[in-house]
Amino acid sequence: MKYINELRDGDNVRGVYLCKGKRVAQTRNGKPYDNLLIQDKSGTIDGKIWDPNSGGIADYDEKDFVEIVGEVISYNNNLQLNIRQLRVAKEGEYNPGDYMPTTEKSVDEMYDELLSFINRIENTYLKKALSFYFVEDAAFIQCFKNHSAAKTVHHGFAGGLLEHTLSVVKFCEYMIGAYPILNADLLYAAALFHDIGKIRELSAFPDNDYTDAGQLLGHIVIGVEMIDESIRHIEGFPVVLANELKHCVVAHHGELEYGSPKKPALAEALALNFADCTDAKMQTMTELLKDREDTGWIGYNRLFESNIRKTSE
Amino acid sequence: MKYINELRDGDNVRGVYLCKGKRVAQTRNGKPYDNLLIQDKSGTIDGKIWDPNSGGIADYDEKDFVEIVGEVISYNNNLQLNIRQLRVAKEGEYNPGDYMPTTEKSVDEMYDELLSFINRIENTYLKKALSFYFVEDAAFIQCFKNHSAAKTVHHGFAGGLLEHTLSVVKFCEYMIGAYPILNADLLYAAALFHDIGKIRELSAFPDNDYTDAGQLLGHIVIGVEMIDESIRHIEGFPVVLANELKHCVVAHHGELEYGSPKKPALAEALALNFADCTDAKMQTMTELLKDREDTGWIGYNRLFESNIRKTSE
Amino acid sequence: MKYINELRDGDNVRGVYLCKGKRVAQTRNGKPYDNLLIQDKSGTIDGKIWDPNSGGIADYDEKDFVEIVGEVISYNNNLQLNIRQLRVAKEGEYNPGDYMPTTEKSVDEMYDELLSFINRIENTYLKKALSFYFVEDAAFIQCFKNHSAAKTVHHGFAGGLLEHTLSVVKFCEYMIGAYPILNADLLYAAALFHDIGKIRELSAFPDNDYTDAGQLLGHIVIGVEMIDESIRHIEGFPVVLANELKHCVVAHHGELEYGSPKKPALAEALALNFADCTDAKMQTMTELLKDREDTGWIGYNRLFESNIRKTSE
Amino acid sequence: MKYINELRDGDNVRGVYLCKGKRVAQTRNGKPYDNLLIQDKSGTIDGKIWDPNSGGIADYDEKDFVEIVGEVISYNNNLQLNIRQLRVAKEGEYNPGDYMPTTEKSVDEMYDELLSFINRIENTYLKKALSFYFVEDAAFIQCFKNHSAAKTVHHGFAGGLLEHTLSVVKFCEYMIGAYPILNADLLYAAALFHDIGKIRELSAFPDNDYTDAGQLLGHIVIGVEMIDESIRHIEGFPVVLANELKHCVVAHHGELEYGSPKKPALAEALALNFADCTDAKMQTMTELLKDREDTGWIGYNRLFESNIRKTSE
Amino acid sequence: MKYINELRDGDNVRGVYLCKGKRVAQTRNGKPYDNLLIQDKSGTIDGKIWDPNSGGIADYDEKDFVEIVGEVISYNNNLQLNIRQLRVAKEGEYNPGDYMPTTEKSVDEMYDELLSFINRIENTYLKKALSFYFVEDAAFIQCFKNHSAAKTVHHGFAGGLLEHTLSVVKFCEYMIGAYPILNADLLYAAALFHDIGKIRELSAFPDNDYTDAGQLLGHIVIGVEMIDESIRHIEGFPVVLANELKHCVVAHHGELEYGSPKKPALAEALALNFADCTDAKMQTMTELLKDREDTGWIGYNRLFESNIRKTSE
Amino acid sequence: MKYINELRDGDNVRGVYLCKGKRVAQTRNGKPYDNLLIQDKSGTIDGKIWDPNSGGIADYDEKDFVEIVGEVISYNNNLQLNIRQLRVAKEGEYNPGDYMPTTEKSVDEMYDELLSFINRIENTYLKKALSFYFVEDAAFIQCFKNHSAAKTVHHGFAGGLLEHTLSVVKFCEYMIGAYPILNADLLYAAALFHDIGKIRELSAFPDNDYTDAGQLLGHIVIGVEMIDESIRHIEGFPVVLANELKHCVVAHHGELEYGSPKKPALAEALALNFADCTDAKMQTMTELLKDREDTGWIGYNRLFESNIRKTSE
């Protein structure tokens, strides 16, 4: 089987892919056909089943893994997969990990680096609170390593939550060096915890969509509850410290209209807000421009409220 | 001792009052004097100590209960208390309850009415969650009955939290009758719980000021944690129901910029938001106009972004 | 004839319907066809005329009542009506009332209830002003009973204006009981009058669209003119009372950016604003969720700025 | 009697002035004194009565015309009037017109120029509607000529409403020449009518303050009612034209948040909005800078959201 | 060759046109076809090549001038050009000027009028700065005369920059007469210079799109640099005057959120802002309504945030 | 002479200080006195001259260096200097550098570090443009080293511009390591140049106030002009690179409403915006909290829109 980013005009394809989307349409003559969004870890391609009632096309649904037989054509400068046969694949015929966009970095190395920051923390309460999840909770660790940090936008791939969290932690490391006012232990702990609520806000891959709890509460409130869960297991955790830690998480979006019910009131909350925001925006810019080869303007981007382009040289 | 709202020009005063505020000032000739804000449950009056170093004036501080000897004068249409003697009163010389603004309604009757709503709830999980605090937790009940709902603005008096909560619950009762879409049990529970976080956001009277937790987390996040605390003690509490209940509390300010990290996504959350907002605004208007006898314009009010006045007969 | 909400896949249809919309389209082969929006009181269905030049298809236009012969098919989970024959129906062949979405409540009962509120008003000036329209003006009464309260959004059906007005009045009744500051007569009168400008802002069914006056002036300014018209016929109507009544109508949208040229400056104006806003939002939520059977998320709603869903249970 | 702008340090003053403001104050020694704002048409000066209980000081109140005996001193680069004697003047002892800030232009010439624009209008309905007030209604004319256009801000002097209206009309004359799309008759009529509601929104001089109707309805709604009053007297006034005329007045503030319940939807409404806004801002700038002799920065101005200064030669 | 605005249903066409846009599409049967936007100075028309691989259709691209053979048909009330033959035209076969939307006024007369304003300026420094471009720089003059003032919106045609600039200058002439506070020389100079940055912000016709410098810097910053370029060549140009002139250009959008880094701080900057804004909006309205024959509502316009229509009469 | 931060209650003072502010006031008895703001590099103290007409008090003015004889008293918990004698000091009697707030870091070391970043730049055009100012222009270097970065807010002290610029450059160094998308040379050059316009926007110490050019143009536009000045001296400077560099400076405030006429459109512009904003906010927080010893709430801060406090530990 070929990865999607290796397909070329004229290729004949036989392989198992994830059917990420399915939409029934109709030609103007009243003839129905299917539009599919075919995905593997390397990318996505549009698929068409022009004759859905043909014998070769079995029943299938969105989010099924399907074996496909078809041909790649080039249409209006985009590749498209005309599908002649399709059947739902059985478990064992495929490795789910092959079908999700995934961080390009080593998950294990990133996780080790994350742990090294926990080890630097001197405050035993904060260290225990972090260990409760990041060291002792195997299910959490497994989930955290494979989670995305978003449904779309930036870091929307398996390992994205880990990659973003590490990036924010390292950003905080820089700021701790630059601004003596910052309490290193508190800021590291807050940075490590800041997005753990996403574990429950977004479902795991290949679904990667908002959960009911995510819609109703959001990852900030969920994150505070998770921190609270950890703190309850630690005898003598100072109340003021607990509130300061939660505050940093509560305020990390920086503005009420971005979903933080409180504005940053501590230097560490402010620093975390900048680290999170900067990493999110720089990563978004990276994802938007990474496959570009020229420095042409790519069109108005709503997040940046500007047309954008790669820099020359 | 006379209550402050009974004082008249020329009265000689001897009695214990709360020194709500103290500010040292200086005449232009360099002579220091003290500005006091004197309070009891009936209201406040400005006090002046023109000779703070006189023998009759003992050491005292803000928030002390002080015995005062002085005279009421009328100055520029306002009464003012010129204080000749002052000493800090001892516990036992006064009843703290006499010095806080307090609801004009019966706290016990209001609380009984609140309980009657809990009794109407059929869903056993929600009923148990409410009983955890409102029926079984004596310290909570004591505190809830005497708390204010705000530092200033509306319901900023002892019993104000109870009065506001009951008013919102009854508002919801009306809406449950008017809009069949509403789930009565969920809405009653959410209304009863919506401001419990204020117990920890604001300190008790006579202080009635933001606590550290209140500044850092706010009553919405604190309230969710308190609900969570209760739910953890109830076996089998349905996850979806828990999230719906918390959502209503999370979203009850209605807008992100008012401190709700989520906008109302359920009909009950929407209804609670309207009940809370309407009661707050109607009570504020009531407090602003209640002592007015005429229908003259009282000046621009920043909350209402308008000049306001009483309505003619 | 079957109502549209009774049609099922495979049904053969012959009957008169309202052609609410007509749009000519073209297949990619250059063959023209017609897209219709077919409506009766029970709902709407898409219609297609694949061969508009066929002998069975007579000339017709948008907003015509047309007799249709065709067949219901199910396409991509939606029903669709393939039309083989069509002709414009003559007056007498149909009852226009069968083709408009209409309140599910009894118009006469609602109107009687509305009148009962007028009868409660003790202030003779306000009572006369209301009677001028609601009791004495038969044409107004006829129109008011059958008008919608909106082009789309909430209460966009015949009787909707009446239903919404009554709902707001009853909301005010609750508030009058809850907030003693409110002047009952003024608030009832303002509530009854608040949307009468919609009589002239929106044309009658089946058109139900903005009139020229509606576009140029809006229902608030029109409403003030209509109240003014009534007041001019009442000798000795107190000027202050007239201004207070008009103010409540002027300010009932609550914010300048929602089209009220003044913010509420009286308690009654504030109360009316809340009653109107709450009823509008609760009704919108009801209309969005009423045909849902599950509690799945229905997608982002722009009015509520949130994804929404039905509550569990 | 000397006009206020002629007073100099050391002058002895005896004359009748308007007491525009009165505020009782107290020295730090507890000695009361009075702060006055003394006004005549040429300007204002601060007054002090250091001994209000002296025999020479009779009872008086804000907005009284008072005969004053005192001395001008220079204090911190500002003149100040120390008042030794004061009594309320009787009618006949003064000419009210001498005590209001007044346009520097000829009221009669401006009014004649205004009438010349009415004479240019060819549409008989619009001409009649204007004549109803500007030609036939002597009381209106008298009032319009002497009214201000604002409580403070721009054109806040007698004749200011006339001066502003004429200026806007002439601005429209320019635009009619520049933009052929404009209907001259409609735009002239709308410009002449655009602020007539101010006649009832603001009380006459020397009070010049918001009336009850002004607070409750504002000059836009009042203006529409006044136009409506005129139109009712003109048989056959075309409905569409009436709505267009009212629309221009309704929309002349340009934005909902500036108090227009509708945004400009006609070219004439747009033009009127620009003419009004430009004249208001240019006049405000003129009033702010007119007495400046140098080009120094005069400090942050909230209306212009900028520090401002005169331009160099 | 016929101009596009003269084409009628059934016409056979042979002539050279500008291919303003080209988009490849596909019928539902998988058959590709081309959508073209055909333009000449009189307007645009949609073109279709149903058989792009036919022998008569040569290679071509967007922005080519192409000779077309085809037939006009009427489809859904719009004309459409079905193209049977197409080839790229050679230079010399067409006059580029025939293919751009162009001002309807005389460019030379407008330019002469512009120069007459420069001649009125008495301040020699300002006059020299203007002459540097408008009198002495032939390339600039050529470019300025043929440039548009916008990519779309108002004045988006050849000569549009000149037409808009002249219109703003004349608007300023009116204001100089009306508001004595204005320094005529400074305002004329600022008005003449205010949009010269558009010369480099937008590329010339037929491209008329944002340049790289336009995207990165915008016409305000570019305009300041161009003025600076001119001033450097004039010995003794007073620094204060230079800053005032640049300020007027910097602030001419009036609001930071419209791209002016400074709000108007001088009367002339304010006047220029109004003149520019008013002319832009009046011209936009003119362009929107100019081809309308009736007074029907044309639908919601995003710039005006309102539905708009022509005025009656 | 003692530095201001060493003064204690009861100290007798004789020494030269900067009179940063002077305001004439009046006791309620009509007796004038002077309020002074006395400054040296260590801080400020309020001064009072209770008898300005005494023989010991010579003429003086704001921004004079004055020799003072007086006594320190403690008043309402603040120190105050009662001045008995005052005369303007002559040049030579004081060292101006002793009277300005100054960076606590070594200016020369910071400048050397700044130069080391210039040396890292490989692009010869960017390196030359930077050298034009930072290496070759002695007057610029002198000025840059001693300038503040603000009138008030953050880095409002001599050396502040250098300290802030270096901090931003180092922040960019971190980001260049973290985000491979960034062009190091461009980002370093932009960071070094980003605030050079402040050299001309703010006057030098001890004045440190907005200049005329600063008010009219602002440091962004001035900065672009200064970069342009440098680039003009460098043959062959690539146009695209020049525009990219200027863009980064133009967009470094990040939002139009913060005074950037363009939003960041390049990754480097985005990074610079974050570095600048983060450093400004972290430094402001540092300055607000640096002298605090406890973790009490210090009150609502308008910049942060929140009450703030030091973190515990």
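In order of appearance the chains are A, B, C, D, E and F, and numbering begins at 1 in each one.
We take it that a residue touches a chain if its C-beta (ideal position, glycine included) is under 8 Å from a C-beta of that chain, and two chains touch if they have at least 3 such contacts.
Chain labels with UniProt names: A, B, C, D, E, F = HD domain-containing protein.
Values in this document were obtained by computation on a predicted structure and should not be read as measured data.
Student: Using residue numbers, check each pair in A-C, E-F or B-C against D-F and return the one sharing over half of the contact pairs.
Tutor: A-C
Student: Would you mind telling me which chain pair, A-C or C-D, is linked by more contacting C-beta pairs?
Tutor: C-D
Student: Could you state the distance in Å from the CA-based centre of subunit A to that of subunit B?
Tutor: Result: the chain centres lie 44 Å from each other.
Student: Averaging only over C-alpha atoms, locate the centres of subunit C and subunit F and give their separation in whole Å.
Tutor: 61
Student: Using the average of all C-alpha atoms in each chain as its centre, how far is it in Å between subunit A and subunit F?
Tutor: The computed centroid separation for subunit A versus subunit F comes out at 42 Å.
Student: Residues of subunit E touching 2+ other chains?
Tutor: Correct list: 25-26, 28-29, 212, 215, 240, 244, 262, 265-266, 307, 309.
Student: Touching subunit F in the complex: which residues of subunit B?
Tutor: Listed in rising order, the residues are 24-30, 32, 210, 212, 215.
Student: Using the touch definition from the top, list the residues of subunit A that touch subunit F in their complex.
Tutor: Contacts found on subunit A: 123, 167, 170-171, 174-175, 178-181, 183, 185-186, 238, 240-241, 244, 262-268, 270-271, 274, 277-278, 281-283, 285-286, 289-290, 304-313.
Student: So in the complex, which bits of subunit C are touching subunit A?
Tutor: That would be residues 25-29, 31, 33, 50, 75-77, 297, 307, 309 of subunit C.
Student: Mind listing the subunit F positions that touch subunit E in their complex?
Tutor: 212-213, 215-218, 220-221, 224-225, 228, 239-240, 243-244, 246-247, 250, 256-262, 265-266
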